[in-house]
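Here the chain labels run A, B, C and D in written order, and each chain numbers its own residues starting at 1.
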């Protein structure tokens, strides 16, 4: 079964539908599936619900899908870097379901692992708990959160072998493994494709079983906030 | 004279003990790292890193290496990377000894509000709700009053909550208060700040 | 003449398609790996491995490399290792296309019993309950009757269940049956086995 | 904070109590904490409840703690390799709580991740579901399983640095990470201790935050079932 595709558009061929639920990896602009986002913009698919920790920035990452108004709803923990997001949200054009960051990550992992619901203390007694079942364990309240079962996952890894076994680099791993796991189909973009055997089987972060289609491409890897120290501080 | 940002950060650093795994929030809490001295503190960044190092030298920024504030950072010899599910596993699972966080409001029962002003600021809670629910000790560092001179240390929070009864200690420009039975207890006054000044700036019940 | 163990395994191998991730149980199912031919099948071992290779050559056994039956095995270029939580994540999450398992009893409604004989055999279910609950397609491979000549293909299981309504296809020494609405449907007869022979050895309802 | 201890007995000093719940890593005899088990035998602590996929074999691994009758209850998925286990169990001396293997692993991970309960389809309609809450998601039944919060974890890794960051080798990883995560205190035995920086931060399987005490020692690494093929088959 050939998993390697020639381009993002080819890899997404037949997978996109209006109103679908897409889980996307990345944190801020770090480790985001840039190429697949561009291809989704090109496709014109609309009314998307996207589960992603953030929604990019104005004009980059998932922000591009805001500019084209292809997103109906976001499931995110933090959307503060994006003026267009705020505009669409405050004007009622865009729905937003806030998820605490850890709850969002766990909901994705749970969906990928066949767990439809789990209890967490996160958000108990807050707006986040509204409408959610509360259950006591050991005399303390926990709320029920549901697994996310996405129609499609779009993620970015550093290197993958042709069977989909892959590794991430530093903090670019972030939401990519849980996002990859929770999709019926997972499409992954990488910086390098290698042959099976080139990755040490003990070093693989996400086994190929979770990855259905792979593309390689050039990434801009834009930095959101360049912060440095001067050499004198050393 | 009330403490400035750096003095607040230095005071917050005294909360940390050798061997602790700690999560520092954005703003003043980030400065705490500058004041840990010889203590062996390991900083967790909730986007997937233990053992966070300082900012990189100019030209050495790595787009794959950022902290939870999206700032470029560096790694240390003891660094380990992991995914977001694992990261919040250790947070929710109580493996982080302390979190030092900013706040918009804190109430005398330990309620914390630091993520939303309805109709105005709707950025999201990020990892704050998980942190306050999961870590062993939550220390808030913030100015005692807002721009309008109104107390941020309240009988009850007015803004949407981040967590209920989660704050253990509050460090402000005026001093240090602990959340105890019945209200807040003054632990320490900033240099030159009188107890009366602190009480005047505090809406919350102060107990002895 | 009914199929022998190897013929049953060979027949079971026909269930597998190119590109599939598959979990093979202990016993006859293990033999299936010998009959996949040119098909690119990736074997999962639920103790934490994808891409299970054959037994090692004598002297090359590695105590750190075993399968779910605790046998020494080898790795392949495509191998990936992971922990047990991740392993059953992929099983429970439906990422494994098919499991081929042995059984003590199968019922016409797809119920499966293969883990316990009360008072006699109390070894445990291992990963079998997770597998039948999670994988896309469950194929049982077993003898049609037990040592006493009694049918193992029943109207209802008598032993404690491993899963309810989980079996899709049964491959026995007498033939192949599918679990369908109302009972079992004969898909294929073993070479030289007549339909009457198979029906006689089957307690379950057979439908057309 | 010094995490490296001189011996298994030293590393367990002050941690053992009668009636405690211990989570143990390993699958069969692969990746088991041999040295810590021996030290627990020596300690004489009793009435233990042990969450471990298996219970060793007669006279090796956790089987040693059966011989000394220090175990009151096992939480396991498979105990078929151990005649003494069967004898004690059938005579009523030993309690046994069967857990499906994946449920056991997930219960450990859940405990480590602060999740007191989760829903799974595994075991629905079987003996395992008896007494457990059933809840429907998407029209299907799932049962509630609870997180395991152990008093102590005993695990085995291949290499750890002095801060506890560690790596496992091949299928010896198995239950070790989830078992390590779910303990209030985790004691780990390894084959090699290295300095921080010697393990690539992208290769670490279990971050040091989960590991409180570390010892290094010689492991027998007994093989349960040696199976080989002849060279002629090649």
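The rule is short, and it goes like this: contacts are C-beta pairs under 8 Å (C-beta built on N, C-alpha and C of every residue); 3 or more make two chains touch, one makes a residue touch a chain.
All values reported here derive from a predicted model rather than from experimental measurement.
Undergrad: Please report the smallest number of touch steps linking chain B to chain C.
TA: 2
Undergrad: Using mean Cα positions as chain centres, tell me which chain lies farthest from chain C.
TA: B
Undergrad: Hey, how far is the Cα centre of chain C from the one of chain D, in Å?
TA: The answer is 27 Å.
Undergrad: Can you check how far apart chain A and chain C are, centre to centre, with Cα atoms defining each centre and the answer in Å?
TA: 35
Undergrad: Measuring centre to centre with CA averages, how many angstrom lie between chain A and chain D?
TA: That pair's centroid distance is 32 Å.
Undergrad: Considering chain C alone, which of its residues make contact with at least two other chains?
TA: 75, 81-82, 88-89, 91-92, 133-134 - these are the residues of chain C that touch more than one other chain.
Undergrad: Which residue numbers or ranges of chain A touch two or more of the other chains?
TA: In chain A, residues 106, 109, 113-115, 120-121, 168-170, 201-202, 205 touch at least two other chains, as defined above.
Undergrad: Under the stated touch criterion, can you name all the chain pairs that qualify?
TA: So, checking each combination of chains, I get A-B, A-C, A-D, B-D, C-D as the touching pairs.
Undergrad: Touching residues of chain C toward chain D in the complex: what are they?
TA: Those residues of chain C that touch chain D are 45-49, 54-67, 69-73, 75, 81-85, 87-89, 91-92, 116, 122-130, 133-134, 160-165.
Undergrad: Mind pulling up the chain A residues that touch chain D in the complex?
TA: Those residues of chain A that touch chain D are 106, 110, 113-121, 135, 137-138, 142, 146, 167-170, 201-203, 205.
Undergrad: So in the complex, which bits of chain A are touching chain B?
TA: Contact set of chain A toward chain B: 27-31, 53, 76-81, 86, 89-90, 96, 98, 100-106, 108-109, 120-128, 158, 168-178, 205, 221-231, 233-234.
Undergrad: With touch defined as at the start, can you tell me which chain C residues reach chain A in the complex?
TA: 18-19, 21, 40, 42, 44, 50-51, 75-82, 86, 88-96, 133-134
Undergrad: Which residues of chain A touch chain C once you look at their complex with the stated criterion?
TA: The contact residues of chain A facing chain C are 1, 109, 111-115, 161, 163, 165, 181, 195-197, 201-202, 204, 207-210.
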